[in-house]
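Once you scroll down, you'll see the structures, which are given as structure tokens.
Look for chain A in each of the two complexes below; its partner is chain B in the first and chain C in the second.
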Partner chain A sequence: MANKIRVATTSLAGCFGCHMSFLDLDERLLALAEVAEFDRSPITDIEHCGPCDIGLIEGGVCNSENVHVLREFRKNCKILVAVGACAINGGLPALRNPISLEDCLLEAYRDGIGVENAQIPSDPELPLLLDKVHPIHEVVKIDYFLPGCPPSADVFWAFLTALLEGRDPTLPYELVHYD
Partner chain B sequence: MSKTINIDGQNIPFSEGQTIIEAATAAGVYIPHLCHKPGYTPHGSCKLCTVNVNGRNCSACTFPAAEGQTVINNSEELRHDRMRITQMLFVEGNHLCPSCEKSGNCQLQGVAYHLNMLDNHFPHFYPLREVDASHPDILIDHNRCIFCTLCVRASREKDGKSVFDISGRGIHKHLIINSPSGKLKDTNIDVNDCAAHVCPTGAILIKRTGYQVPIGQRIYDHHQISEVALNEEGGAGSLPAAALPPSLEVAGQGSLPAAALTPSLEGAGHGK
Partner chain C sequence: MYEHLETADPNLTSVANLKRVVVDPVSRVEGHGKVTLLLDENNKVQQARLHIVEFRGFEKFIQGRPYWELPVLVQRLCGICPVSHHLAAAKAIDQLVGIDPANLPPAADKLRRLLHFGQVLQSHALHFFHLSSPDLLFGFESEIGKRNIIAVLGEYPELGLQGVKLRKYGQEVIRMVSGKRVHGTGAIAGGMNKALNKEERDYLLQDIDQMIAWADASVALIKKVHTSNLPFYDDFATIRSNYLGLVKPNGALELYHGGIRAKNERGETLVDHFDYCHYNDIIHEEVRSWSYMKFPYLTSLGTAMGWYRVGPLARVNNCDFIDTPLAEAARAEFKAHGGETMVHSTLAYHWARLIEMLHCAESIKTLLHDPDIMSADLVAKGEKRYEGIGVIEAPRGTLFHHYQVDENDIVTKANLIVSTTSNNMGMNESVRQVAAEYLSGQELTEPLLNNLEVAIRAYDPCLSCATHAVGKMPLQLELLDAEGKLVDQLVRHSSGEFVHGI
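On to the complex of A and B.
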């Protein structure tokens, strides 16, 4: 079918739990595949996002690569959606925000229990960490938000079907959860 | 003939001395609120109960009902104002619901759900706040405090103690604990005190009671705070008691052992 809706997805500072929840659409994925196709996504292994209709962003931004990817999505996606608690408020990764980055690295790679051959990773290939984890609306304009940890498959379904049918994608009370 | 005010086109009776929110609640009209609780001295700080009275915005929890008032409560403009206020409360603290025991029973969250708040809108402060786990039975997580002063008022007015207060101004405002060390363990607070159960958020939690009700089966997972509040606060709510989770039904039986109390009970059994 020509002119399918193009959807890109990514997980920044997230756990892929939102992507797993998206896959909980189960047989509804087949109906979705009738009208939509994936661009850059962990599902396709396409490395860079091309022009898309919808971008789904899981996770907040915790390093420089997250910022680059997020900007690439914003540049290419007509509609950009923050998916899940981490994208919306930093979520679990933001629990490191009250702790200095140096202390985080020392605890994880030098002083923590069970650390062997202690060294702070410094390969130039590794993206640099930000001093704090930030929600994505602090970096780029976000068009819609799907709260939840993760948002249930029903949230994805309600949102995407509304959008595809040209309706305002509002979420009823039962679908709004922060946990 | 009883005096009335008009809220959203509905004539609502009031008695002299009642605030707008008291008259509304008694008539089964919900006005969103966090720092207001029946039986407590009004504080008027959270501003969620902002209503429009004869063209001017004011706090329904402190504003006296008076003949001739035309009140707008349920408008899209006020919903939006209240949502922005709630978003400010979220970004000024560290409200990370997935890692909070109060999630699902939290009034801050319940109000946010009610207002259909889907994001936090503002940049996050991520303020540095402490946890006080010194007391054997009660945990204080300052990250979740919204300075509603309900614990301050509960301790003074209900418990006859003075365990809590608010200190500092603006962004430096914080909850303080009245002991030489500043730690809760060195106060005379008791786990059965109203102050230990009145917190609308997860800032004051009772130890060893966590997750007795699983996430997903909690109050605001299935009931709007509008129904719950009217039911608990003595209004003519439309929700039959049987429809509420068991944790709500025991409200009002003041002699419950502490172990039977869940955070969802708040001070319901104590404060009325």
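On to the complex of A and C.
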């Protein structure tokens, strides 16, 4: 038990598809639970990432809290992995980058179809957004990148088993694709 | 019912003197939603709000893209129900190439339905087994370290594995039809890009009877859980509301295509078999300053009375029957239990969700036996149009996609009403009900956290495309005085311990 490998995961500005793909390990989740235990992750209730062996990050950075969480992961994880297109290059959410944030907000809350009581939500309870969506390697150092949108369950499996067995986790050619 | 708690009454009490309590997932990034309460000096709740703090800007940045990208782009809004976004967009762009649902080739229609039944099955299985089953099996107050699917697999291996395999089956249906489990390609304007071949069909047929049996057993399980604690399950977070969703022309439960039906809290019909292409005539969305999520409502009833709930509870409440036998039997029992025309219990969402999961499994079997799903006649084309509207019943409720394009097929306008948005007021009302009925006047305690959480989670909210759907929200509660100074803090640690932080 004591020398189980500790894995933490989080979703920043992502769609959660990478986490779904991780759950697509299906029955292999049982085998994984034999050798690994989970720290902070949407599949556990742990709120702060403690010292971990591996951190898996889904999604890019779109607000200041993403930055905060990412730094927390970097501080605590020996190996930090960018999982999926959004973490690696911003992905779909980064399509807003060529457009000003104000225009995005006005479209949603003033100029949209069927909008009533038009106003940009401004309550102090709402956090501030960054003007651009950033890949996570612009914020902290990243050790590995798993391409795909999302990477398939087989990619997670190949990567994690290699690390667990102490091998260099290179992916076989057929597992490297980007959609 | 609890609208008065949306904003504290300035005549009764000076807002500046109220204490502010925040229930916020510590990992706010995963949370994207938080609850704030304002309490007076007697700890009476004067204001309660669920804020959605997530903003993407999709409706703007999709402008300028060619329409045929839409089904593969928009599914990336949500990795848990990507197929629903994929198909809602597909239904919209069908119209851009002049194809209405009635003209879609039968093979394409059936393949899309098969794809969507796979989607709803896997999403409902995920919510029940991966999220809710730890609560149900270990109890609402159980050790936090146990509240995850891994622990369920460890202690209830048979049930846990059933859940994993039910979800897996839904994902495999999706993979067979669209090539990938998450973000595949299947629907194109006017049809589908491929049919099933015999091997794929036979592969899915192997396990379908087992899936139906397990889905049936899960309905029995949730019924037992609900009815063995009836007063709590029927009252907790329960609000009386209108309900909205699609139904078939004959009034049956429908997940892929139908007309809009809305009923009020007494079960009286407000609209029926309404053509969703005119949704803007009956539904508008109100903006409120304190949430990025808008508040949709039926314009005929106005913002105060016109809000409605969507999703499994709404669909099972609204339909006249379900056209698969096991799910229909389950529906009849469900409707009989409350003694009212409409079931208003918020926790009954779980029960209704599993009835739908059973319906999906039964419907998949029927479709797998239909030779049309192997037909080569997959695409139709008509006269180009400039506006397309696609509406579908996603796992969490009615999902609206609306696009306009120019002569070069470039998107010029987009409007989306996602399912969880329609439940915005419902979730807020449930939070306020719990605040008023269960928390008001009490000291800041651990059950306070749990109660608010359970209320929100019953809706299976897709707050940031369902970041809450797996695991229980980690929470921190802060009590500030009127100057904003921290007077108390309650943190739930990973061990499950609650600690006063000050």
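What we mean here is this: the second predicted complex is superposed on the first by the 178 of 179 C-alpha atoms of A that agree within 3 Å, B and C clash if a C-alpha of one lies under 4 Å from a C-alpha of the other, contacts with A are read in each partner's own complex, and residues count from 1 in each chain.
In this text, contacts are C-beta pairs under 8 Å (C-beta built on N, C-alpha and C of every residue); 3 or more make two chains touch, one makes a residue touch a chain.
Please read these numbers as outputs of a predicted model, since none were measured by experiment.
**Student:** Touch test for A:A118: chain B only (first), chain C only (second), both, or neither?
**Tutor:** After superposition on chain A, A:A118 lies in contact with chain C alone.
**Student:** Considering only touches as defined above, state whether A:Y178 meets chain B (first), chain C (second), both or neither.
**Tutor:** first
**Student:** Contact-wise, after the overlay, does A:G91 reach chain B, chain C, both or neither (first, second, both, neither)?
**Tutor:** In the superposition, A:G91 contacts both chain B and chain C.
**Student:** On chain A, which partner touches more residues: chain B or chain C?
**Tutor:** C
**Student:** In the overlay, answer first, second, both or neither for which of chain B and chain C A:L129 touches.
**Tutor:** second
**Student:** Kindly classify A:A82 by the partners it touches after superposition: chain B alone (first), chain C alone (second), both, or neither?
**Tutor:** After superposing on A, A:A82 lies in contact with chain B but is clear of chain C.
**Student:** So, does A:C149 touch the first partner chain B, the second partner chain C, both, or neither?
**Tutor:** In the superposed model, A:C149 contacts both chain B and chain C.
**Student:** In the superposed arrangement, does A:F38 touch chain B (first), chain C (second), both or neither?
**Tutor:** second
**Student:** Kindly classify A:E27 by the partners it touches after superposition: chain B alone (first), chain C alone (second), both, or neither?
**Tutor:** A:E27 sits against chain C, while chain B stays out of touch.
**Student:** Where on chain A do the contacts from chain B and from chain C line up?
**Tutor:** Shared contact residues on chain A (touching chain B in one complex, chain C in the other): 91-92, 95, 98, 149, 179.
**Student:** Where on chain C is chain A touching in the complex?
**Tutor:** 25-30, 34, 36, 49, 51, 53, 55-57, 59-63, 73, 76-80, 82, 126, 130, 144-145, 147-150, 153-154, 161, 164-165, 167-168, 171, 180-183, 280, 283-292, 294, 303, 402, 413, 415, 464-467, 469-476, 491-494, 496
**Student:** Taking the complex as given, what residues does chain A use to touch chain C?
**Tutor:** Checking each residue of chain A against chain C gives 10-12, 14-21, 23-24, 26-27, 29-30, 33, 38-48, 50, 63, 65-66, 69, 91-93, 95-96, 98-99, 101, 103-105, 107-109, 112-119, 121-123, 125-127, 129, 149-150, 152-153, 179.
**Student:** Using the touch definition up top, name the residues of chain B that touch chain A in the complex.
**Tutor:** 90, 94-100, 103-104, 109, 112-114, 116, 118-121, 123-124, 126, 128-129, 215, 221-222, 224
**Student:** Could you list, by residue number, the parts of chain A that touch chain B in their complex?
**Tutor:** 82, 85, 88-92, 94-95, 97-98, 132, 134-135, 137-138, 142, 144-147, 149, 170-171, 173-174, 176-179
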